[in-house]
Amino acid sequence: MLEVTGLELALPDLSAKRGFARAPLVSILRNLSFCVNQGESVGVVGQSGSGKTSLGRTLMRLNEPTSGRIVFDGVDISHLQEAELRPLRRRFQMIFQDPQSSLNPRRRIGQSIIQPLMAYGMLTNPQQGWQRSEELLERVGLEPMLSRRYPHELSGGQRQRVGIARAISLEPEFVVADEIVSGLDVSSQAQILRLLRRLQSELGLTLVFISHDLSVVRAVCDRVIVMSHGEIVESGSCAEVFSHANHWYTRELISAIPLPDVDEKWLNDIDAQDNKVG
Amino acid sequence: MTPLLNIRNLHVKIREGAASVPILRGVSLSLAPGEVLGLVGESSAGKTMIGKATLGILPPQAVITDGEIFFDGENITHISVKARRRLLGTDIAMIPQDPMTSLNPVFRIGPQIADVLRLHLGFRAKEANQRVLELLDDVHINQPERVVKLYPHELSGGMRQRVLIAIAFACRPRLIIADEPTTALDVTVQRQVLRLIKELQSALGTAILFVTHDLGVVAKICNRVGVIHAGRILELSSAQNLFKAPAHPYTQALMAATPRYDRPNNALHPVPEALVKHLWDDVRRYDRGDFAKDKSHA
Amino acid sequence: MALTAMTGSWLAPHDPLEQDLLNSFLPPFWVAGADPAFLLGTDNLGRDVLSRLIYGTRVALMVAVIAATLTGMLGTTVGLLAGFFGGWVDTLVSRMVDIWMAFPAVLLSIVLVAVIGAGLHAVIIAIIVIDWTRFCRVVRAETMVQCQQDYVASAVTIGLSRRRRLFVEILPNILPLLISLLTLEMGIAVVVEAILSYVGLSVASDAATWGGLIQEGRLYVNQAPWLMVFPIACIIVAVLGFNALGDGLRSAFDPVLRR
């Protein structure tokens, strides 16, 4: 469904701007190549600065790649203009990280949810709009009456579910979820992950799940791609990568996760050289 | 032996408009010298408030309505500002959560650390600067002479957190409140920082009240663990016992909701609504023995 | 204030222009020797202070509303475009604003009025010309902040055009800020009008404006302090009133503030 070849992204680094000169470009994504098959859920993991969020946004064409290709269901979308992209956009959607800022704070929930439907002219009257929004809210396990509320009246977990409702409203084939459980309590996180799994099987979605939390990715994804400094360091099925990681970075990442088991050796199990920083 | 920190039946309420919302509803715990006690719970469970109440830095709308806090036998619940100033920094210190905002962005690192030394230990400028270099070395920062001249935004998140740890340990306090110190860090950096905290803690015999939402972190660094929800401590026991056989249903629910990469086939179960509701209505503090006797909550 | 301005002609007990030299320098009603027919006293030419203040309200309000609205429209439009499009648009606008703000405001307004000719329309134009930069800067900054928010990115993913993103998504979130700025500007407009009429550059000198009243009162401040005090008080009340209006409007219309 999605094929990425040699993807590169470089953005101007405004903090390094000197005087009136143009800001120097800094390479965010370097020569990335991978594919995602239909119906798969692929996790993209990495620490801060790895470029995983930028990858998600570039896949959604919120950024234009500097070079390389993104092919979505046979169509090269790498450098299409807005007008050409528009009809395709309804087939790939994104769920954003921050439930606080991803919903327009001055719109009611119901209006935000059906906004994609309205943008594509799929609603005939306002009544139908409210109805659809209530249906979608139920689909993600929220009470329909929440559609009249404003985002700030909902909890973080609820807002995130609204974000999901919005993303699936157009019944897309492909969804990118960018750190959607990061700010949530472990209980809300469990709810969202279960919801996501359920929706994925109900709608036959292809999912790219971006997260810094490997344990979460393990719970949701079939395959995983590990990123560091804008490059793919390792990729493979979750079962393989987690039990026999090839790359040292992946191994280090996995062993750094504290499992909820008492283990005195875990703290001391680091190479001596790691300990000095500066 | 007198516990270093003894909190008895602490009640804290927050004023929101006309109403008063209870945040802590009878929290009791004690910390022995040199012990690391973890407080684990979800956000807004009240765990941060316990640390803040101990330090005396509760937000203005929050009030201690009942209960007492004893530090080394002395009642510090409502002491004067002056007395508290003598305590803070020297006997009790804090490692704050967000390294980005906890350091003053317009001052270099050196002076920010030196401040603590000059204020509490009466160091003079030259001695303070020397000591700062030593402290930075304690937290394993390379080339401290270079780092003292840097501004906070020029350091990585992990390094900033080490600076904050250096500041916390600077006066060799007997108790440190660590408020989610590794939450904002990458997982590899977190491990290094946790290791550092443990190293300094055992070398100096500092007691630590370690507040976090992460069960994994608590398992690795704490001697004893308290599980807090709905303003009360639901379970308090040694880390070993808690993780081997959690007694309280809430603790079990938390563990069932936490994903583990080594057990991918475990289904994730959110904490049941009924349990949460029950906890807000009525809760007794569960010791291991308590629960064994009280089968009605099974 | 609005009421007073609108009903001024009926409310005012006397014709503000009517001069009555026999009754000059009467003090306000609470001081001995006052004439109750002239509640707040009279000025050097026997004109009733209260009536003049009331007519002055009309001028002040007109200037405030018209000037603030037009200034706001100009500044906001430019600011929105600069903030949203960035790039050369932003650079151009920002440089222009910088240069514009480098001119001393008072001098600029005096020059303007000298060129256009005195009168209310001149005052309004002067205010627009000088103060649009205030709106522009703030709106630009806020627009840039809003553009970073995910709900804007979200709008892109459903294919909304740039025009729709700007007006339908971002603008409502700028509105509360705009309301505050507008009411602030109204207060400023009143003060600027007072300054200009003090300097004699506003409407004709015997028409009643607050600034004009202050100017005339200045000459007699030792004999008849009330001639200066009352118009100043009016200006203060007006500015405070506009600010309160702004707070009230924000609370009433902003769903985020309304809890």
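We just call them A, B and C in the order they show up, numbering each chain from 1.
The working rule: a residue touches a chain if its C-beta (ideal position, glycine included) is under 8 Å from a C-beta of that chain, and two chains touch if they have at least 3 such contacts.
Please read these numbers as outputs of a predicted model, since none were measured by experiment.
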(request) Minus subunit C, work out the clusters of chains still connected through touching contacts. (result) one piece
(message) Report the chain whose CA-based centre is farthest from the CA-based centre of subunit C.
(response) B
(message) With contacts counted as C-beta pairs, which pair of chains has the highest total?
(response) A-B
(message) Roughly how far is subunit B from subunit C, centre to centre by C-alpha average, rounded to an integer in Å?
(response) 53
(request) Averaging only over C-alpha atoms, locate the centres of subunit A and subunit C and give their separation in whole Å. (result) 49
(message) Averaging over Cα atoms per chain, report the distance between subunit A and subunit B in Å.
(response) 31
(request) List, in ascending order, every residue of subunit C touching at least 2 other chains. (result) none
(request) Over in the complex, which subunit A residues touch subunit C? Could you list them? (result) 57, 60, 62, 82, 85-87, 89-90, 93-94, 96-98, 101-107, 112, 115-116, 119-120, 150, 152, 166, 170
(request) Using the touch definition up top, name the residues of subunit A that touch subunit B in the complex. (result) 47-48, 185-191, 193-194, 212-216, 218-219, 238-239, 242, 252-254, 256-263, 266-268, 270, 274-278
(request) Would you mind writing out the residues of subunit B in touch with subunit A in their complex? (result) 42-43, 140-144, 146-147, 156-159, 162, 186-188, 190-192, 194-196, 198, 213-221, 239-240, 243-244, 253-255, 257-262, 264, 267-271
(request) Could you pull out which subunit C residues touch subunit A in their complex? (result) 149-151, 153-162, 169, 172-173, 175, 254-256
